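Note that chain A is present in both complexes that follow, paired respectively with chain B and with chain C.
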Partner chain A sequence: MKFEFSISLKYFLILIIILKFINSSHTINFDDEIYTQYSPFAAFRILDKTSIFGTTSPFKPSSGQLYLVETEADLTKLLNDNPSHTLVVVIDTAVYNKDNLEKLVDKLKLAGIIVIGGTIPATGFSPEKVYPDREADMCLHPNSDYIWNPYGTSLLYERFYIPIVYLLLETESEKMRELARANVESDKYPKNGADFQMFMEASIDSKVCLRRETCDPIGGESVWGFLGGVQNQSRPYILLQTSLDSRSFFPGFSPGGDFPSSGIVTLIAALDALLKFAANDTDAFYQSLQRDIMFAFWESESFGKVGSRKFISDVLSFTCDQWTNEWKTQCDDPKRSSMAFKSVNLSNIAFIVELGQTGLYDNISNYAFKSNGYLHYEYDNPENVPLSDSFINLTDFSNSQGLNISHLEKSDPATPGLPPSSAETFISLLGTQIPAILISDFNQNYTNKYYSSIFDNVQNLDLDQLQGIATATARIAYAEATQTLPENVPLEIVADQALISQLVDCFVGTTYCDLFQNFLGSISGTYFSSNYPGIYATDTISIHSKFIRDFITNSTNSTCDPNYCTTDEDCNSALQVCVNYACHSITAYFHPAYSNGVEYDPDNDKFNIVDFGLDHLWTESRWEGIELRSFQINNPSINAAMLVGGILLFLLYYFLIWIQKKKSFFF
Partner chain B sequence: MTLVLFFGCLFVAFSPIIALFIFVIYKEAKLLIIMLAGAFFWLLSIFIASILWKIVKPLQDENAWSIAISIVAQEGVRLLLYKIFIKLEANIYRFATKQTLETEKSYLKGSLACGVGYSFAYVLVMYGSVMTHSTGPGSLFTSECPKISLFIVNALLAHNFGILNILWTIIIFISFKSLKNKKENKKIIYIFAITLSLASHFLLSYLTLIKNCKVSLLVNYLISIPLAIIGYFFIKKYYRNKKDFYQSQINETQKDEQTIEVIKPQENDQKQDLTRRRVPNDNTSDDEPVLFDNDIKIK
Partner chain C sequence: MDPSTPLTEEQKIKVAKKMYIAGFFFLPWLWFCLAIYFRKEKNEILQKYVKKAYFGFFVFTFFLLTWMAVFLSQRDRWGVKGDNLSVNIPYGDSNYDS
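Take a look at the complex of A and B:
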């Protein structure tokens, strides 16, 4: 019996090996033959405290015939024809705007919309509101009807129950265009079609979806620190800040050229200029400071200003439930990678300089200069006027020295005051009249015609303009920190244009740029740089945040421990971080940026709502996957004929067998 | 709409198999088992063909060689199936006292079940995997066949080969059986039938290589339809001959019985003995020598 068993087992194993051998041979994947997969950027669903925005597909994938709309005439024809069958409209970016999307959705039977092409609409297009964040609780002018963003359409705050996606890759975009064009040019089958699968699980609002665990809070890590890593708590400091994020209708692709990348680039370049100057004689530089210089890149400011808000609330009232170590330098619950923020004294802020949209060169009003900037501030704070005057004096003097520095002017008094900015959070939350000046490239309204859109790309930026603003910021910071006269500000404090060029390439172009590669090693993830923060995760840090921290740490003449490291945890001390495989003394810190209304519960790995009263609770829906496929559609009449023919064939065979039985055939 | 195509293709490809299964095979448990055996043997044939295809590298580059090796494997295994089937039939009827029209019917039904099983496995494996993809919204079109969906082309071909596989199995089974019959004087017809079956299998398979799918389909059907009609009449003729033969046997037996009754109407036991003794001699058709061997042994 044993022998038989072993024999049969042997043959069984041989059979399995043979089968495996055969299976490993060529296999035809019919799905690959039938369907062409694309990698779209989807307008996925985003939720706030009371509503939902963005798009979703039905639970069951929706499909339809492709139809190409390249011009307004095409759109009019389509709307007039109003075909009865389900369509997937392929719309060129030239005619992509809120009105046209709404017309398509309202009047046609649609399975989805695919936005293709790289044509930038000359008339301008911004999916943001005309006054961004006016309804937010931090807004200093909630009743103002001023139009900051004249191209605003509020598309970001619309909801659609059909999927809308953007094909960025030119190869994919052109292929889709050709397929759709073929449908328009010929009435014959097979037609080209597409289907979507991007069902968004979250519904109703953030509170409901967080409870149902179908969404996650939007957020990331802000980066902040003091120049040189030193701070004398007893003396005032200057806060240089900017936003680290933006959004678009297709959040995954938010190039954020003029906003926020221009601000990020100019602030990094300004800090770099100061640090390079400081590196000449570090001790003398820091001893000369009468005021410290704090810098901050606030994350998720486009979503309820949660970056600056979280930082302020933590500085004022953070309590740690579970410390990571006995020295209390880190906290596990709630997670804080550094407790350095507790040493920040917010009442010592001398003034805030915020860099907003700074990348567009205004060649109309001040064509004599290569770079122009406008100073925005609150009129009810009398300290802002002399402060802005001193900025202007400094830059005027620097211009007379032949430096490429921005020519600064005060903004038009017709504006209500500070435009939407992180400075509003400080003024609102701290309840004190902190002087705050926002430097921007616009005077009255946004000159950026593509604010918060997919078109706000690198073409929108002017390198001379950026260098001028960065140099101005660095020199202002130096003059104000050392309390020196404009003529005493060293000529060496000039922003590096080569660095600015590289930074623009990285922040607005691709993450696979040289600078990021040098600092972060091999980059994994999306090729295109996006400023959308994504969902907050305690163990994930965005490429942008990580780069900024590492770059500033590396630029600071900090003690370098040659110990080989790959992560911060490899360094011996909590006061060291790993940059370029070496441990450096920490000079820039991460700080979580997510809504104060939620808190992470590490035991259950979920976010719980801790404050239902807050109005800044932005979340991103969960989904199984985002898929777009194109394929050929068979003639429905032929499909129906096949079914009828098949049934008739079956009946025919039945009849023939029945006759044979009647005739006493052998069965 | 895509489920419409799926069910359409399903009915077209499987309609002869489903109809025969429901109305003939499902009625008898024995036929069900034979059908499953037929399906298994077709899988065995394709298993052998795949091993050969994998081992012999040149086969992988040329479709023509792959088809050839696959047909040889299928026909070889069909022969093996015949050998096993004839043994199975012999065992089922080993207690039968004589070869009758019923045993002939059983043989034909068994052949049909083998054919349906063979055909079912063929259609399921060769077309089932393609057909499952027709449930999606997309259809498959090739550069050679840009207007007709590959699902439809394959369904029509599967239908065609499905019927032909059933007919080939029955024809080959009855032809081999007839060739074994020493008294069969029209062996040339059966040799021709086997040759035609094999040749048509090769011919029709190679016709699928025609790049223009419309021409391929048309030629396939133009050849298959007459072949199927000829095959049907061939089987019908065979069955009619057998039927007539056994009818005449019955008539003769009845005559003999009347004669015996006239000679010794009162000796029932002897009459039975006589009748029984005559059976082997009366069954002059040596169609089933194995069967008769068994019968004699039992006695």
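Take a look at the complex of A and C:
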């Protein structure tokens, strides 16, 4: 007995060892045979201080049969049929809008919704409100019922209890379409199904989820600086600014074409034009300035305007709890990589020029200018009128000289004043009547039919339009800063259209573009450029912010230390940064952009809520993973049959054993 | 405990008394065990213990269940205090939505 046992044990051990060698993974995994994985963009959960927005899946993956909806007729048929089993609706972008989503969610038993396809809805679609940010405390017209965004549906401010995702990649999108179509074409099993795993950990609101560490504040790094690093405390300066971010219903994919990329591209091109002109004779240029030029790209403006607010509140009242070194150039708690903002004097702002949405071309006048712009400003500040008149004079004159410069017009007096913009923050917080003019491609309402949506992409943008606005901004800045008359502004100050084209490819298309590669080296991360700021991280800078700082620093032609470097720390002086493997003097700074209602606690590596007042405290929920899988579903009656069959088999065996015990002489 | 040598009455009373006192340390199920174990005894004193144990068990369980119901449904409404009282706070949606 014992001998036999030990032999079989030996064979058993040999078998185990052989299996270990054959099977390289530790478990036998059938997942690849059963499931097809996708990489969706999810409408994940975003919270503010009172509410929850976005979608989530239940804790256990929810699954259902795929059902394809490609036209309105399909949708009506589905709603009438109202099948009894759980569905996953696959909806084409042509019929993707808030009404249809709500109809689906209200009427049907759904496990989730998958948005597929590349067709852009012709009737326009915007998930933002009709007056974006009107409830925010920085809005200058909180009681206005004016409609800036006529396509707005406020989808971003809804909450769904089922997951909704978007498949961007064409291969995945078409595969899902085929699977869903196969379900409709035949009634036979097996059918195709899908399940979602995107359980959102945060709950209730931002205050609670920050306390429980189930969410993180949304933010990033704004980029600001003075042109050429020239800042003279005793004289006023002009502030050129724009927003750096946007969002969409699927925040991970926010292409942000007309908003905000047109503004970003225009401002970078304008600064580039000025810097190229300055490079001809640097000393003469900066000596001719009677006012300095400050530029700023504010991050996270879509989330309570935190970029501009944080900067202003830091300039006015920042105190450092723990300095990095005795020279007090950097602060560790709260973390600020540079204290240069302390030298900014906000009462010296001569006026603000903000670039809103500037990329859509609208042929508005008989003269067929290649580029048009509207000037928006607050009506209760009398200084805005002569200022806008001087802009118009300058651009009209430059137009007559044959340059491609925007034809500017004042906006319709029926508008309430400034549209939603970062300039509102300055006027609200600084209390003084700062002249502020916003240049945009729209007059009474947004001409952008896809404001803040997944459809606001490069097709929206016109390169001549962008060049015109950029040239206008550069020449206006030069004329006002050096106090020269329109006829004396040098003809060479013109924006470079080739650069604009490259910038558009990078900011709206893919981060793997040539321009980004040249400045930032190898890029890792998402392929598609997204303008969603993401969560604030103290040690990572987003690609867009880093590129803007590096590009401007490089163009400023500051003293180039030929020492080779790869990171900022490699450069000898604290006043230098590493751009393109060489050390340059800093002329553009990062500034943290996150809600004033939270402060980072480096000891515990978490965000603590401080007195936030009216701030909205936008946060993004945490999650374990976002997954979408498809698989085949068996006829449910097979499961029932297996259960019944199994029970019968069990009863049969029980009966046989009972017989055997009763009548043991049979066996 | 050897079934061949059953406990004497005195020993049973001692055991019952120990179980009864121990039950006061937030151990209602010990009271329940006491009641079930000695339910067939005829002794007066043991019967009294059984009665007291049943009483204690039901009263304690009543309060425990009430507290559980209140805590689980209202904990989110209590803000910081609620979180501090919790050993484990489940992720995701709760019944409380402001």
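Basically, the second predicted complex is superposed on the first by the 612 of 667 C-alpha atoms of A that agree within 3 Å, B and C clash if a C-alpha of one lies under 4 Å from a C-alpha of the other, contacts with A are read in each partner's own complex, and residues count from 1 in each chain.
By definition in this document, a contact is a pair of C-beta atoms (placed from the backbone, for glycine too) under 8 Å apart; a residue touches a chain by one contact, two chains touch by 3 or more.
Remember, it's a predicted structure, so these values are computed and weren't measured experimentally.
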Of the two partner chains, chain B (first) and chain C (second), which one does A:Phe59 touch, if any: first, second, both, or neither?
second
By the touch definition at the top of the document, which applies to A:Val208: first (chain B), second (chain C), both, or neither?
second
Just checking: does A:Thr50 make contact with chain B only, chain C only, both, or neither of them? Give me first, second, both or neither.
second
For A:Asn639, is the partner it touches chain B (first), chain C (second), both, or none of the two (neither)?
first
Could you figure out whether chain B or chain C reaches more residues of chain A?
B
Which holds for A:Phe199: it touches chain B only (first), chain C only (second), both, or neither?
second
Shared contact residues on chain A, chain B side and chain C side combined as an intersection?
none
Residue set of chain B touching chain A in the complex reads 1-2, 4-5, 7-12, 15-16, 18-20, 22-24, 47, 50-51, 53-54, 60, 104-105, 108-109, 112, 129-130, 133, 136-141, 146-147, 149, 151-152, 155, 159, 236, 239
Inside the complex, what are the residues of chain A that reach chain B?
18, 21-22, 25-26, 30-31, 33-35, 61, 63, 189-190, 193, 195, 629, 631-634, 636, 638-647, 649-650, 652-654, 657-658, 661, 665-667
For a test of understanding, state which residues of chain C touch chain A in their complex under the given definition.
76, 79-80, 83, 89, 91-94, 96-98
Of all residues in chain A, which touch chain C in the complex?
50-52, 56, 59, 161, 199-205, 208, 211-212, 214
